[in-house]
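Presented below are the structures under discussion, each in the form of structure tokens.
Two complexes are shown next, each including subunit A; its partner changes from subunit B in the first to subunit C in the second.
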Partner chain A sequence: MSRLKASGIRLKRKHTKLLWHYCHTSILLAILIFILPPIARARVYIDITSPNPRPILIGLQVYTEDSGKVSFSPQIKALPSYAQQILTIIKDDLTYTNLFSPIEERLFLESPSGTFKPENWKPLGADAVVKIKLQLSQNTVKALSVIYDVNEGVQIFKKEYSGDLAFIRTLAHVLARDIYKRFTDRDPPFEAKILYVGQIDGKKSLFIIDWDGARQRRLGISSETVLSPKWFEKERLLAYTVRDGRRWSLKTLDFNTMTQKTVLESQTLAIAGDFIDRKNLLVTYTDADNQDIYILDTETSRLKKIIGGFGIEIDPVISPDKTKFLFVSDRSGSPQIYIAELSGYNIKRLTFKGNYNTSPRWSPTGDAFVYVGSVNGRNQIFLQRFDPAKTETVGEPEQLTFKGDNEEPSFSPDGRFITFSSNRDGLWRIYIMRIDGSGQKALTEDYGFSPVWIK
Partner chain B sequence: MVGSRKSLTVFSYVSPVALSLSIHILIVALLLFLEAPYKKPFEYMTVKIVSIVASQPEVSSPPTVISSQNVAKESDIEGEKLTTPIERSPRLLPKEISRKDEIIEEALHAIKAKKRIERIVRLRAEIRGQRSEVRGQKSDVGGQISEGRNQKTDIQYSTANSRYPTQETYVNIVTDIIRSNWTFPEVAERGLKGSVVILIERNGSVKIQEFNSSGDRLFDYSIRNAILKSTLPPPPEELEIEVRFTQ
Partner chain C sequence: MKTFKILGAVIFFLFTALLMAQIAVMLGGCAPRKVVQAEKAEAPQEAVAKQEEVKPQEPEKVIQPKAEVIIEKPVTETPAVTEKVAKKEEPAVTEKIEFSDIHFDFDKYDIRDDAKPVLERLAQWLKNNPKARVLIEGHCDERGTNQYNLALGERRASATKNYLMALGISSSRIDTVTYGEERPLCREQTEECWQLNRRAHFVIHE
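== the complex of A and B ==
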């Protein structure tokens, strides 16, 4: 015992320093153990899939600022309310995209001109609020559009517009476009137009309507027959076929100069396919009762056959990258959709379901095409996903229409809508739908066929 | 003896002592740290055991009934009663065991019973929490406005019951809340992916620390809204979560 004690004393006396050193180290270690965990916090991972399908809930408010002593012309005074009209157009545009759902006005807790307060909108479940202030004067209108984010409680967009009072629809579509763009970073087709073959006084004529069916106007082109208008956005060129007496003429109309030009005249039918560039046009041309695909030089009217054979080869449509084209051929015994290179080589069949598949049209990105297929004797529109890199279809075709006959589909510039003609209610009319087949509605009351989108 | 003393250098004495000292401190420190997260939830779980009947020195001890009502009250489970009384199984005690040993046995029993009650209370609280979640989801079926309101009450409810004993349970609740708040329009891009790293502070406030964009503005917007809309209950401990959203 005494020895142990003695050694203990000696230890204390001689090596206190060393002991303290050890103590310090252990204390430091202990501190480290306590302090480190919060720094090196373990991260937890959560995976969340399949969101609740719901559009963006948006509060839309349009109001006219009292501009004092401005005397409105009787014409403007007669309008129910300028602000109300703008609001309705914006609402319709946004609602039809299915990405937005405007909140009913009667639920608003905040007046349109009132200051934005998030607590007024949170109970309504709103995601965003748009306040548009209009200043009307004799002939012009100024608009100030401000978008607020309800969840963050901040302003996220502000823009001023001005224009002619008469162009109310254009202003409303532009306002709607900017709201759409702020949330999606994409261009909606709100300002786009649809050109189609209509009827007036027993003659066919070309008409243009807004994407919502409003503002129908007629181009000064009419004939016994007007066929298959095709649009080349880059050059703003239109190609179409008319019949004058016994002769068929393939014509182009330059929208920049509004000049018409006949590029091919013949006794047999020639139908425009698609523009390859300003000069060269893919066409279906009938020679000795056999329809084949040619490239037409619009300057010299020279034709060069690229797909031929005993069967019919029609309806060439060029891919967005301008390297390939889709066409219809009955070489297998029934009309089916094929793809080929511009040279006419490397032909590949793409549709195998059904025994009648025609009218292919590309999506703007080239990752899908629509076509018309026959189901129980009625023509229906199908969507087929496509892999441009592998030049092959992806998955099964998806049937989009089910009522009556549906023909001549055409993708909107943003690829989210399809316009087509249908006789589901008796008369052929122009219709529109989303690319999943939802929201099908008629855009024209009168006869309409062969719609194409114009930006 | 003298020689051996010389050979035993001071170091051979000092180092074991100091080492053992430091190891002890370390172990104590480690124990303190390791227990910390598990202890915390119990801090505010005031569970009182009221009447544990002292076991008789005779052959068998009668079943010990613990007043479940009191436990329920203490644990803040409104209106709910533990319907099955916790019973102690009859047990034979040898007569030779002295009074002292009996007291120890009794104390052990009491501790065991306490633990069981704690576990039951905790499980109940968990079930309660989950139930309220389910209720919230069901009532979401309503229209636009009722949807917004229900989400709120739902969150408040779960906040009131925020005694989540484990991190796992807490993370599950967070997942459910964020999922219920995540909306995305139907006609839109498919197969999008994005993630966000959030820090949940002790008071339940959420900070977005990192945002990994999906490349689609609308999708990113929906992710941010899902986080911003989610009112989270206070976590057992400050927590960093990476939430990965897949369409």
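== the complex of A and C ==
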């Protein structure tokens, strides 16, 4: 039956558009109308590669310009709160990176709409000042963001934005992104989303939240068990696994078209790993009672075994350069993390501390991986530095979590944050932390497991 | 009078025709509108789920065990199987049949010595009841990680299946499923509790 073969489901164009709209408001937001006169030679203020960069002391000011011409709807009458909301989101984004330290507003000597004067900021020790002017009309918002270097007394950035009034959070994240980018010359994950397995009506389902936990929305996929979502940024493809009773289904969801496809169905364990490319997916699959690593051709549902053996071999994750993969094997007598080439050759064990190490996940540059190790019977997240050229670990693994059980870590696209699931407060929830283990906080109130970053 | 009768008949027919036309318009007009409304009403998030529901699932139901004979309660002590088997002539007997769970060591899937008598009794019972089938559920304690426990649960179920096959039971009568750590019997953080959860559970059906 066609059910057993790879089957494509094309959603109606209207639905596709609507779903797209929900998932990617950031793209729908027509921001960046034009960039005002080019800025003088950009100096990078923070070297984020240094171990402990000193945070930028920054004055953040957001204000609304009253044009006096528009007749405001009740929604827009709450003008100060709109500016306040934008300010709060920007402040939260920047503060959480640990690279910025916003100055308390009550200390300000200069009104938000007042002309920037370095002498108003030097006594506060400010390094920089950001002034954001908002212009609100019936349905749209315009923002002008200007950044000043206090020591030099000059403007170092100026940009105008406009968008739908409803997409306040997206606008705030974009404003924060440009501030971050101006000082670090790097892209922050402020606009990224986290996709995870949540629960609704006793069933598992896929959810998406912003990087700060806001705007939870559900993808209409639910089943007895949904596990192991894997994201392939280049093609905007999601692979995930569904289990109902004895039936395992591997599915892909193309976010460009919102087309869902069942790429493998099995009566034995079958779990999606990472995409190698658009067509080929690393998977764990059980044949003859043996869990091994295979490459699945998602077009033909053909499986090619690359890691065999009598033990359990599961959870393959592709390296950022797509030449190698990490996986878990109990061939040594306990589950440990191994690396192999895509051919299945040159297998090398990477973890030696502890007797239960699973769930490896690469950093975006391949110079580290995180994994879950058992400490006194509880699962904790470890960070292991790695030299991709020599294919060997660097230094000792660093334990990042200590409370409750912590599982399924996932690096942010910029490699500076890790999202994971933890049951430290009873229920499994989605958490986030910096890669040094600091700033651990819950992003969901409800059940959440297996978070992955999507851009 | 005749003219009136004719006129009356004409009016009656016109009236009827008009009524019919109206009904036709109503029917014709309503149907497509309903479709449009239905399309509008569908929330975008639901779109994927709706498509999912369309997928045929009927054939899978064959594999699911019949609900009436599922015994959820674990029995750690030696079960009183033998007496119940003795009452073979009663058809209701199979509903009462239960075999205790067998247990495994942490992160292990080999059959322990204490499990062997249970499996031997089960094999004997299956031989005496040639129409009966068994579903073996593999379970783990919560200490492992999710994916690894699904694999471990599958190993426990298949190790149990292989033991029964070695005792002469046809593989066609044995199904296996893994639940990993998803269905714990006990939620305390104690070794006693974890031991209860590291189990293979038997569901007998005919």
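Note that the second predicted complex is superposed on the first by the 393 of 455 C-alpha atoms of A that agree within 3 Å, B and C clash if a C-alpha of one lies under 4 Å from a C-alpha of the other, contacts with A are read in each partner's own complex, and residues count from 1 in each chain.
Here is the rule we go by: a residue touches a chain if its C-beta (ideal position, glycine included) is under 8 Å from a C-beta of that chain, and two chains touch if they have at least 3 such contacts.
Predicted, not measured: the structure shown is a model, and the values here were computed from it.
Undergrad: Between subunit B and subunit C, whom does A:Ile46 touch in the aligned arrangement: first, second, both, or neither?
TA: In the superposition, A:Ile46 contacts subunit B only.
Undergrad: Return first, second, both or neither, reflecting whether A:Arg434 touches subunit B, subunit C, both chains, or no partner chain.
TA: first
Undergrad: Figure out whether A:Thr184 sits in contact with subunit B (first) or subunit C (second), or with both, or with neither.
TA: Touch partner of A:Thr184: subunit B, not subunit C.
Undergrad: Output check: A:Thr170 vs subunit B and subunit C. Expected answer is one of first, second, both, neither. What do you get?
TA: In the superposed model, A:Thr170 contacts neither subunit B nor subunit C.
Undergrad: Scan A:Arg246 for contacts with subunit B and subunit C and give back first, second, both or neither.
TA: So A:Arg246 only meets subunit C here.
Undergrad: With the two complexes superposed on chain A, say which partner A:Phe449 touches: subunit B (first), subunit C (second), both, or neither.
TA: second
Undergrad: Check whether A:Gln216 is in contact with subunit B, with subunit C, with both or with neither, and answer first, second, both or neither.
TA: Neither subunit B nor subunit C is touched by A:Gln216.
Undergrad: Under the stated touch criterion, which partner chain does A:Leu227 make contact with: subunit B (first), subunit C (second), both, or neither?
TA: second
Undergrad: In the superposed arrangement, does A:Gly125 touch subunit B (first), subunit C (second), both or neither?
TA: First partner only, subunit B.
Undergrad: Which subunit A residues are contacted by subunit C in one complex and by subunit B in the other?
TA: 11, 14-15, 18-19, 22
Undergrad: How about subunit A: which of its residues touch subunit B in the complex?
TA: Going through subunit A, the ones touching subunit B are 7, 10-11, 14-15, 18-19, 22-23, 25-27, 29-30, 33-34, 37-38, 41-57, 97-101, 103, 107, 122-125, 127, 151-152, 183-185, 416, 434-436, 438.
Undergrad: Touching subunit A in the complex: which residues of subunit B?
TA: Contact set of subunit B toward subunit A: 10, 13-14, 17-19, 21-23, 25-26, 28-30, 32-33, 144-145, 147-149, 167, 171, 174-175, 178-180, 182-188, 197, 216-218, 221-222, 224-226, 228-229, 238-247.
Undergrad: State the interface residues of subunit C toward subunit A in the complex, per the touch definition above.
TA: Subunit C reaches subunit A through residues 39, 42, 44-52, 55-57, 59-60, 63-64, 107, 142-148, 150-152, 154-155, 158, 162, 175, 177-178, 182, 189.
Undergrad: Mind pulling up the subunit A residues that touch subunit C in the complex?
TA: 1, 3, 9, 11-12, 14-16, 18-19, 21-22, 217-222, 225, 227-228, 244-247, 253, 258, 260, 262, 267-269, 271, 284, 286, 289, 291, 312, 314-315, 328, 330, 334-335, 355-356, 358-359, 372, 374, 377-379, 405, 407-408, 449-450
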